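Presented sequentially are two complexes of chain A, the first with chain B as partner and the second with chain C.
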Partner chain A sequence: MTLEIQKPRPIWQIMFSTHHTDVGLLYLITSLAALFMGGTLALAIRLELFLPGSQFISDSMTFNRMFTVHGTTLIFLFILPFASAVGNYFVPIMVRYKDMAYPKLNAIAYWMIPPAFALIWLGFADFTWNAYAPYSVTRAPGPAADMWIFGLKLLGISSILGAINFIVTILKCKHPDLPLSKIPLLAWSYLTSSLIMLVAMPTFAAALLMLLTDRLGLSGFFNPAMGGDPIAYQHLFWFTFHPEVYVLVIPAIGFMYDIIPRFSRKPIFSHVSGIAAFVLLSIVGFASWAHHMYATGMSFTEKTVFMIGTLSAVPASAMHVFNFLATMWGGRIKFATPMMWAVGGIALFFSAGAGGVVNSAMPLDFMTHDSYWVVGHFHLFVMGTIAFGSFGFLYYIFPYVTGRMYNEKLGKIHFVMSFIGTIMVFFTQHILGLYGMPRRVFDYPPIPEWIAMNQFITIGAMIIGVGMVIFLINIVYSSGKGKEADMGDPWGVGGEKYYYPYQSKTPHH
Partner chain B sequence: MSEHSSWPEWIYVGVVVALLIYVGAEAWNIERIIEHIPSDAEIIQVTGQQWFWTFEHEDGTKEIGELHLKKDHAYKFEVVSKDVIHSFNIHDYVVLVDAVPGRVNTVWFSPDESGEFDIQCREYCGLIHYNMRAKLYVEDAS
Partner chain C sequence: MICPINFSLALDDDPGKYINRKAEVWNLFYRMMTVAFVIGSVVSGTLIWLVWRFRESNNNAKKTKYEEQGKW
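Moving on to the complex of A and B:
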């Protein structure tokens, strides 16, 4: 069997292709580039915070720009494109169609990302990834802020086009013999997350335009000096970006739904409960956005409503955890690299969710809000759950994408270092938050506990960093020189052969 | 699809929902109690601007960068901002409310320990956000 990638082709044939695996490969390479660029910024931020005072970053403006671009890059240029990459590779296969529904639209959606990437990195804005008004309207310096706005605008359009494509592919192009209830949970995760994206994203798209005209002085939607309301921006922002959290996390859960049964050598405990949890999460996900805004002076009633909305998202997530554990229960588990990432991701998903219940409880939120607790909390989701699921799935699809095996030992070392590092960094950040350290600070007063915890966190971050270098070496080396993979069953888990290359070559496809 | 019984999952979901109801009800009740501002609370006007805090007492005295209060006395902060959003925070007393331009947000507390405490800004507000700090001095009433 010859994979697409193993046919000798000039690079431009891949770049200007509209075939779903080629676009998927482009998404994949872009997202990995963003991972290493954004990760480098994270390590620089951690080095700077190793001690109070200025270490090697001379001014706070540079620091502020770094954490802004760090967040923007890893959310919009790593996590989302990675999910699109996997979706491009597998959603058509899973619904048994020859390509995405609109191949050209698919390529267009991808090609909006590189210009956005360039705008964000060349601009290097400083107003945090939230771009809260009125700072972003009246104070944020120069072209950087406008370039960020245009970059995000492009990414928003790209996400909407991608979401439409996934929805149409799944609903309209699936094989007629395949009922919707039987398509794999990974495809279900793309269906639900794309629907969330389609409903949520236009709100932020509108807010970005309003922000831009405000900055140009043409309007005053969010500028109190012109009668606007800065809190309105926060509502528009979080109406998009709280559901967006589920857009990010749902595909990662979908990855785990593929890895866990495969390496537990058991079918998934309950397909129906997985679907139900996805659908439930995509609905209640829209009821909690203002829990990011308890401290903006909301009334007691508003806070209560959004606390209830937030807590009601928990059972759906808890159902996924149950489903994973029940699948593993009594299975003959093979802890190959993808399985280690998936299991580690589930453990951290549970921890992050437990911390989230604390945030949502109103009186406790005022201890944790905008402190390092919050940084630790959402990083447990984006790193601990989403990135872990993504790395696991990257190892899982590696034979399919390259036709070769990665080095299993290095993959496991990558996992162990990342797992230890993640716990050191983000659990400690929770405690640091309880000690009162605010987030987004360039410098901090020399309080002994703060210094000790910051140093511990920086060491953890360096452990993750070394693990990522090992990861990079592993995938670069293995994709060229790794040994040929057994495409029917690359890990030797045996049993029913449902690894994708096998599936994609079966006659009914 | 699932040949096995689903009752363990229902029990599990029931336990999770019960825990959440407990957390929610407890949080609602405590928040209701702590949001009730005592009627004898003294009003302090707090103004945040890039990058310092100004405090004005009821008698008109102004302080910049430091705030002197009496122990075991209730204070109500009326927090405003002159430019961008800041967040007024006395972490040791869990006092936290955003200073939003064009709005007056209130929060209250009653210090029960004398000493020095940090006041800081908890919402990103630009260049010197990291050092937008003030000192709270709580003095014995005598």
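Moving on to the complex of A and C:
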């Protein structure tokens, strides 16, 4: 076995490589950079909201810019590239192919991300990650808004190229002896999320072009002054981005499908139900986009259809949760760091889903709409489920990527701080929303309950922040000076050698 | 009886038929929260029990049949 650490390569060889693990490493590093940059903005936002009035951010416009870039960075530059990193590393291995189907296209898809990253951060737009019209058309200052649009355009093309590559790799390049029904659930998660991406993304790509031509004054699709309809933008946006939620969450569930059986020392309870739930989620994901828009004056019938469409995601999600619980049942569970993150992610996935069910009932949605409830619900999903699954899997693949072990104790401290912080921040935000605090506000009236809850949330955010610093120290130190990992069984769970075969890093071609 | 939920709430706009919307919505909210918390308690309770019972450091922990059969 030849370990990477025994055969270091210059960085340019990795940067200009088209090998799937090299492109995966680039995705991984980029996504972690985005995590810390977007996370820093989150802490700044929370510090500003610690007390009513202006603390250190001079005006509401700056505040708007900060949460716009925070959201855009963490969704499009952390979560999605992290999923792409893992997919690049493991999808070819799982379908037993030497690389991705189109290695050069794969590298091109990655190299669209750094310019998009630069456009988003150098522009620092202010119209939220939704870029809702008419503000984004008529008032949002350029060139920041235009840079954001171009950045998202690049990311959209990158995502589509990546999705095509995953689909072709899985469907056409898998080993002939490997039936589709037998490929690991992690690979299935990439197949279904890539299919969603391929269907959903072109709509937003079109919407972005329409937005841009509207901003240039060439058209008036979303500009009421020119006879356009701002609500049409919302439909186009959410037709892409509600399914996109599943694009984000499905790989995270796939990560858990790899971690939980390993540390429970059992096979997954039901492979078939996992596949069925992924396929079901990818279909019903398209049946619920307008539940984000109940307050826009839709008819009762439309609202009912989308409410039922939303609720139809519950059985598929429950199938995943049941599968995880049934796998753990009767196991001999080793609570190493990846398993702790996975179990914490399941608990929070369920909590976020329960909040979503309440939210999907249309009369309740009118109460929670644009309140902190929505912030809490959304973040409980993206942080509590997706990021938890991602962190768990990052620890899980750390020996594979670096050949070294991370510090287990620091990994567990990172988990505990993140779990406590997540509950403090996002559960409390639900309650804050019910107390009437609107989202996306720079200042708020000095209502004692609001102040107390905001301070509690900020303290929770700081706990998460300290955990992330510990995480950063752990991965940086361990990747260079950590103990060499036993590549057959890094966590000592015994049994046959099960870990991803390091030798599968086929020579560069 | 928690379900079915009365969705006529959003329809009743006839003159003279007064509905205290705030009370109705909070009523619906509490009923749905009751459902969510009951199911949540069962699932979370099961998860916590699984974590406690099947952790390898539990005195009752034993090898899984897959480990014993060497299929692991």
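Quick notes on this one:
Just so we're on the same page, the second predicted complex is superposed on the first by the 497 of 509 C-alpha atoms of A that agree within 3 Å, B and C clash if a C-alpha of one lies under 4 Å from a C-alpha of the other, contacts with A are read in each partner's own complex, and residues count from 1 in each chain.
In the analysis below, a contact is a pair of C-beta atoms (placed from the backbone, for glycine too) under 8 Å apart; a residue touches a chain by one contact, two chains touch by 3 or more.
A quick note: this is a predicted structure, and the numbers were derived from the prediction, not measured.
Counting the residues of chain A that each partner touches, chain B and chain C differ, and the larger count belongs to B. When the two structures are aligned on the shared chain, A:438 is found in touch with chain B, with no touch to chain C. After overlaying the two complexes on the shared chain, residue contacts for A:304 are found with chain B and with chain C alike.
By the touch criterion stated above, A:367 is placed in contact with chain B and with chain C alike. Of the two partner chains placed around the shared chain by superposition, neither chain B nor chain C is touched by A:16. In the overlay built on the shared chain, the residue A:296 is in contact with chain B alone; chain C does not reach it. Contacts of A:357 after superposition on the shared chain: both chain B and chain C are touched. Judged by the touch definition given at the top, the superposed model places A:134 against chain B, while chain C stays out of reach. Where the contact sets of chain A with chain B and with chain C meet, they give residues 300, 303-304, 357, 361-364, 366-367. By the touch rule above, chain B contacts chain A in their complex via residues 1-2, 4, 6, 8-9, 12-13, 16-17, 20, 23-24, 26-28, 30-32, 34-35, 50, 83-85, 87, 89, 91-92, 94-98, 100-103, 105-106, 118, 120-131, 133. Every residue of chain C that touches chain A in the complex is listed here, in rising order: 5, 7, 9-11, 24-25, 28-29, 32-33, 36-37, 39-40, 43-44, 46-47, 50-51, 54-56, 61-64, 66-67, 70, 72. The part of chain A that touches chain C in the complex is made up of residues 264-267, 300, 303-304, 321, 325, 328-335, 343, 346-347, 350-351, 354-355, 357-358, 361-364, 366-367, 494-496, 498. Every residue of chain A that touches chain B in the complex is listed here, in rising order: 60-61, 64, 126-128, 130, 132, 134-135, 138-139, 181, 224-225, 229-231, 269-273, 295-297, 300, 303-304, 307-308, 311-312, 314-315, 318-319, 322-323, 326, 357, 360-364, 366-367, 369-371, 436, 438-445.
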